[in-house]
């Protein structure tokens, strides 16, 4: 073969890759925590009594789900400054991920909530609990348990999607790969290594989320 | 110096949208065909094939489309396989699409009751005959809504091909931004264009799903 | 002294009027059984009493707390009225003890120790003191229904509503629930029950209410009503039930 | 397969003469070297240079728009014959590709609005500077600045310039002529020169071991320098004569 | 002449041995009923005979076609053995006629006209000649089961296996299916039936096979077996069934 593979040249750049992995993990964790938070709030809002609120959240969900993440990212990072809203690239990356995951998880969590038996809500109401209390203590837990696998897949998709944040100079894993490639001109080795790292991250993320789901939501329900 | 009017911006984006559409169609068709093959391997009663298909799905669902693109575009040529932005974009999107579609369709195949497999087996049908005549026709019906729904992901996925220089809507957007200094307007328009492409697909996926639920 | 007073309760679903002006009074400590054909409005009436159905007209008064169709906040009413459902409706992600404690904690805002003590006491009252940490999925139907009763009791309601609480149970489990209800009746709890267990109604109730077509058309002591129904509808209903 | 590639590489000139097509990697986000017009076609100094070379070789030019970060892989993976993309020379690049003689002047500098003060490299401490990943500016600036400088590296010049214009970075490191070209378009934030970093003229990049092609390109460039055709391109795009020492 | 011969059939699911060495012979034209308690292995045995379950040991021989555990291609066996299921398992996207024609077309590769004629004839045989174009969802359970029988018959199997084919039917529909089976028996079809219809078994079968714990522990003419069971297990089973 004409091309000689040389993975050793990657060693010099190991710290760059490590930094990239750490940033990707950081972005994902922040994006997930806040994004799922938005999802829960969004799902609650879609079930609320206020029609304008329901419509607004519905529009947000549809708008985000029907436009590419990359464009959302560009809009936030390059477009928003025209309105005087300026933020560092990591913040823009996190914001884009939160906004994106928020829309998807709103939809996913809402499906879980719709699957809650009406009797559960009535039992809560008859004990004198308020709407928000019923949502918080009765509906949410079992609903999250039901949709956790779907939500986990979405989180992995968002983690992988964060690779395009390199485009606004957020120094995550694919930024690291591009950076190294622009210095050692060994694209095959670099992208191969980065892809393997992403795969490992995806497997790890899935594993952690599955454990977390068992921990948080497996109470009672799974013992049925 | 040259001046972009609003109409120049919009018309250039619309012209670029042709490539987005074309690339989506190619990715969807080729990805669908490849996905069908992966699906066959995934459900065939041949364990090594199943494992291979599973690995394929894991691999392409577990790595970013962007990295797949980079590898296809910059790495494959090093081992002697030439790729233009066109072929790279089409190939990477096909791999990506086929992995997801195979997995979506597997769910649909598994939703076909086991009795259908047994009845057709007892009529001496082989695996491919069972698939072709008994299982796929039934799986197809329930597969339509999620498949249409996934087409939205394909359209959006094409945006990433802008990064290897494929001039579709997003790339045209960055180029125009650079010539006009109006990122808010341009990326806003870019977003709206994608929305115009994707939202009808989303809506029809939902409508199809409702129809299917009623029919059940 | 009347604890529950319903006057002129009306309720429609769409264009169908399900409750056509119901008046009813329940005194403190009284046990009332509601009977009637399927669709006669029993559940709807019961659900109205703790606000699960919004009434279109009339007034509900429980222990001095008045509710009319305009009312938005039904909390005060619900604190006075407990409800037990046919389908138990236990919270599946919480253990028996947590099911009982939840409302004490978030509605009554009781302290941790008090909550625990109250829940243990309530579970003991239904004979399930030892099942504090069991999840609903680990309990039989009869046990689940008893936890549901304990959950309501712990809130110390003035009156407890029970809507066919044994209908979803296997026959051999019915008695363990009925005996808990019997005990509550003996202890002086005010109870309004919808039931198809006629023998039980006859033995335990002070008053029987017969609903028909959205109205109460007969009421009085069970023995009198069963033995000498004054309307052909009740006569037919009694005959039907006894023929089973 | 390896043999196939080897011949494809070694005889790029032969292939060009045979197919009569010269494939050139050019910028489309780097005025005045290459940018797009309202018809989205690249125009600029590099594009004219490519046309000039193609004409001399008797071939048709095929323009391939690239970014700073990926132009070298385009060449090393055989997607183009030449890089004419304001490419500066440095040791790292010389390991993987060959260079022609210089064909355009280029001064790297740091640019920014009047409101930001920066007269020397030391003044950059604590400031954010945007630069295009893998460009000469990137490599030179990375060597010069301390850890206190926040260098943001963008995938392409589009990103770098957008980041500067939208205020996401305070300063931008780029070519003097690039800054001038941006200023000409009357942007919202003006990239005034703060200081120059390096004189780094542009070279044409070629694949390794393409001796015949290199000779041909050098011959054409040398001729163009003397007969004034390159000077005409410089006048047209840089509004300045070609430096004598190029 | 023996048409079906099973020798030493063994089958385990995980660590549980469900068939513990079964030998059985069925002559051409014979009608055999298999009876036995739930879980005794009747279905597993039947399913093994046309290869739906892979056996762990033993040999299945049908009309000269031998199958042992190593066999991969079961097509030849399945062409000789038809099967009708408790749940009908008609193909819902095909009409009755298409259900019958499918395997003729794709497995036997018969011509269009022949396929159609054979399907019409098979449907006529089960009394459903007029339902050729009806979809399964438009047919009653009994009709669906008769289409399933026709579907198997059309392939001209040497032997037809029926696993509790009336168990999923409403009582009033059972007879229409049984009378089809009776007719097949009279026409000389070789049949192996798993059934709980003891009266039917007694009337129609030549041989009765009693399975218990994964073994055949009694077999012989139905009258003899029913009236003079020689094992306590069969005696108990017969008693149990008749007490129903």
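All chains are identified by letter, namely A, B, C, D and E, in their written order; residue positions are counted from 1 within each chain.
Everything that follows uses one rule, which is that a residue touches a chain if its C-beta (ideal position, glycine included) is under 8 Å from a C-beta of that chain, and two chains touch if they have at least 3 such contacts.
For clarity, every value in this text was computed on a predicted model and none was experimentally measured.
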Interchain contact steps from chain D to chain E (minimum; 1 if touching): 2
Chain of greatest Cα-centre distance to chain A: E
Farthest-lying chain, centroid of Cα atoms versus that of chain B: C
Which two chains share the largest set of C-beta contact pairs: A-B
Distance from the mean Cα position of chain E to that of chain B, given in whole angstrom: 46
Centroid distance [mean C-alpha coordinates] between chain D and chain B, Å: 36
Where chain C and chain D are represented by their mean Cα positions, the distance between them in whole Å: 83
Per-residue overlap in chain B, given as positions that touch at least 2 other chains: 74, 78-80, 163, 174, 177, 183
Touching two or more other chains - residues of chain E: none
Residue list for chain D, restricted to those that touch at least two other chains: 1-2, 5, 73, 76-77, 155, 159, 162, 166
Arrangement of touching chains [line / ring / star / complete / other]: other
Contacting chain pairs - touch in the sense defined above: A-B, A-C, A-D, B-D, B-E
Touching residues on chain D, where the partner in the complex is chain B: 1-2, 4-5, 28-29, 35-38, 40, 64-67, 70, 73, 76-79, 155-159, 161-162, 165-166, 184-185, 187-188
Contacting residues of chain E [partner chain B, same complex]: 50-52, 74-75, 78-79, 81-83, 85, 87, 89-93, 102-103, 106-107, 148, 151-152, 155
Chain B residues touching chain E - in the complex, by the definition given at the top: 113, 115-116, 118-126, 129, 132-134, 137-138, 141
Partner chain A, residues of chain D touching it in the complex: 1-2, 5-6, 9, 68-69, 72-73, 76-77, 92-93, 95-96, 130, 133-134, 138-139, 152-155, 159, 162-163, 166-168
Footprint of chain C on chain A - complex, ascending: 117, 119-120, 122-130, 133, 137-138, 141-142, 145, 217, 219-221, 223-224
